[in-house]
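There are two complexes below, and they share chain A, which is joined by chain B in the first and by chain C in the second.
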Partner chain A sequence: MKRLVNTIIIMFLLLHFGVSAQSDSRVISRQGQVSFFSYTSVENIEATNNLVSSIIETSSNKIVVDMLMRAFVFKKALMEEHFNESYVESDIYPKLTFVGEIIAFEAKTKGPQTKIIKGIMDFHGIKKEIEFKTKIENLNGNYVLEGDFEVSVSDFNIKIPSLLAPNIAKEIKVMFRFEYIPYE
Partner chain B sequence: MHKKVKIRVFGLLLTVIFACMMLYNFYNRPMHIDVSEIENINQIPIDDVITMFKDDEEKANATFVEKVIEVEGVIKEISFLNNRHTIILNSKSFTQSFVICDMSPLGNDKVHKFTIGDTVVLRGVCKGYLLDVIMLNCMPINEKTS
Partner chain C sequence: MNKIKFLILTIHIFGLSQLAVAQDDLLQLLEDERPKSLLYTMATFKTNRIAIGHSIETRKKGILQLHLGTRYWNIPLEGRRTSFLVDRVSVRFGAEYAFTDLFTGELGINSFDGVINSSLKYRVLRQQDNGKVPLGITLVQSTSLFTRNFSGVQLPGSFSERLLFTQQAIFARKFNRNLSLQIAPTYIHSNSQQLNFEEKDFFVLGLGGRYRIGNHTELVSEYHFVAGREEGVQGFNPYSFGLNWEIGDTTMQFFLTNAKSFDEATTILYTPNNFNFNDGGLHLGVNVIYVLHLKKRQLPK
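After this line comes the complex of A and B, so read on.
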């Protein structure tokens, strides 16, 4: 039910963008890259998702990011199994969604800008407001957005068995890079 | 008697070493699987896959996610981004939804032969649906060009 509501919200936002904005004000990235790193003295864990979808409505600076948790690729198969089955429970919560705004973004200004993105991250059944710094660059109507931020594992109700607690950092570093093109 | 104990200790030591090696190999087994070696994979029409995800995502997730599937489609786009080849396949019925295939490095030599507009059969692990159906570890199967 919760998943259905989330889907309806995202569809509404996407449709809303389509109805209220001019067609040339949306840009899309279907192959955004999101990586996360967990550094501990016991073990470093990293994974990358190369097929993250995102849309920016440049007229309102609204941004939507949508990713499949199962599309994260690890170096070791067992890590991926633990990640999906025990920690993020991908069967129950298959997606992470972020809906937010790039504050004071001047979409028509060419060249790089450093801005704050503020919005709601919906992950593992928890909705949490987050904000982070990003570098966004207008390359003649195409945009590149990149940056990093940290999230706390405990904020998203991810339970780690005490035996494995030393292996997983309490703060996970998230890095992202999106290349946007006009939405046809 | 003394010799028997020595043999037992040696045997136990060998068993422990073997078990440790098995555990190490299991823990460190790599992610890449060669989907082209898997037999008896059903080919699903690309329009049917997208339709199923659009109509009932939960049911389609249960049917396809983490399964190896094969789809035939016309190449809309080939990109090399983030050090990976990705092929986007067009369907006949949908203009805004596609099948996005993240190609396995094992199939890189075959990807170089493809051009936009080619009809290809790609096999990969279905991961779910965003705006498009997402497939990873994809390999071309019986490639044919237009």
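After this line comes the complex of A and C, so read on.
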């Protein structure tokens, strides 16, 4: 009887240990930067969001990203309003999330490495698998992750009126940079 | 013994589920980590004019807005018309500059009545998305200057008598993504007595609303009720109904109205005809609003 109780207590403690071990292996970036660019002959559109948050779980190579559409800053104020109101509809779809994996990531290896990230981007009500190359650098337990990729506007059901079709690129270039610190 | 087995199982399940949560809800964790930012409600109306009157909106800092307003109508005629398309056209040129995100100034001139007007607009309170501030308030001060006689209005002799002052407090709420309503108590002081008015001070209630019908279009309507006047010889309450269409930096406004003028005081007090389909009563309005970003923002590096 006593042995059983002890076993239970030990198991319980072990489970707790497991949970805390999980959070020890997490690194977080609270002010990651994501920019996007649309280049056409009519006009260039550029916006930056520097309040993007992301967590990497170094034990499982899992990466998640979360950003608010309203946090994107445009050079032209009116564009920002139209972006939110008429295109990405941020009142209905306030955020973009990404859940993926850094394939064959060696978290313990110091210095830069180039890896593929593969995962699901959830944006404007559409979930789509995307894959892109990224540079990751391990600076003594802090990580810097940067890279770029292209997304197609039509993949995410964003409607562009035909009158404005020449102003907005079909493929939007996305650039990102995250600096991770251990998560407490 | 069974009791203990049950206990083990419970603890196991409890512990495992905790593990599962820890693994899968990284996204939830990020959401909890995100600082709560203050978001002001965007685009209660698409532009800073509903159709004939001010909306609660102002432009953002550094924007110069050009306003080309046109009205078309027929005058009552016996016999055949000889004019091309319509008998009368009125045009307004206006320019509005946003000194800050909250404060704008405007200058404009109308061709039909020759009224020159300037206005200052200040946002006192902005609606917030989190619901803490449920509505927005904007103050408008507008001064109009008569420069000639038109439809019953006689040009007074002295300069000061030609002035009219309009003060508006606009209260508006965006109820949901489609519906916004505004109410604008207005006080107008006219330095001259026109159209057999005995008083020089008028209290007006302005009502306006929009309903979004597409991502780039909204239906709008507005009405100004002047308290204590008999509609008729002393003018009619102005009404408008129309469509606003946003095309990038340009906004087009198409509407029907009975107002001939463009400035606040003349539109509200001295609209000489009612809104109806009788000859001369209905005016077609087409406004083109173009936005120029004189100062562009710096993107965070």
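One rule holds in what follows: the second predicted complex is superposed on the first by the 163 of 184 C-alpha atoms of A that agree within 3 Å, B and C clash if a C-alpha of one lies under 4 Å from a C-alpha of the other, contacts with A are read in each partner's own complex, and residues count from 1 in each chain.
To be clear about the criterion, contacts are C-beta pairs under 8 Å (C-beta built on N, C-alpha and C of every residue); 3 or more make two chains touch, one makes a residue touch a chain.
Computed from a predicted structure; not experimentally measured.
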Clash or fit, chain B versus chain C on superposed chain A: clash
Which superposed partner A:L51 touches (first chain B, second chain C, both, neither): both
Touched partner set for A:R30, first chain B, second chain C, both or neither: both
Partner chain(s) touched by A:K76 [first = chain B, second = chain C, both, neither]: both
First, second, both or neither for A:K115, with chain B first and chain C second: neither
If touched residues of chain A are counted for chain B and for chain C, the larger one: C
Which superposed partner A:V99 touches (first chain B, second chain C, both, neither): second
A:D66 touches, of chain B and chain C: first, second, both or neither? both
First (chain B), second (chain C), both or neither touched by A:E89: second
Partner chain in contact with A:L164 - chain B first, chain C second, else both or neither: second
First (chain B), second (chain C), both or neither touched by A:H124: neither
Segment of chain C that clashes with chain B, given the candidates 3-11, 111-119, 129-137 or 201-209: 129-137
Residues of chain A contacting chain B in one complex and chain C in the other: 7, 28, 30, 33, 48, 50-51, 53, 66, 68, 70-71, 73-78
Of all residues in chain B, those that touch chain A in their complex: 26-31, 57-58, 61, 65-66, 79, 81-82, 84, 86, 88, 100, 102, 127-128, 130-132, 134, 136
Complex contacts: residues of chain A adjacent to chain C: 1, 4-5, 7-8, 11-12, 15-16, 18-19, 22-23, 26, 28, 30, 33, 35, 46-48, 50-51, 53-55, 57, 60, 62, 64-66, 68, 70-71, 73-78, 81-82, 84-87, 89, 91-92, 97, 99, 159, 161, 163-164, 167
Residue ranges of chain A in contact with chain B within the complex: 3, 7, 28, 30-31, 33, 48, 50-51, 53, 66-68, 70-71, 73-78, 80, 94-95, 177, 179
Complex contacts: residues of chain C adjacent to chain A: 4, 7-8, 11-12, 15-16, 18-19, 22-23, 26-27, 29-31, 33-35, 37, 39, 42-43, 59-63, 177, 215-216, 246-249, 291, 293, 296-300
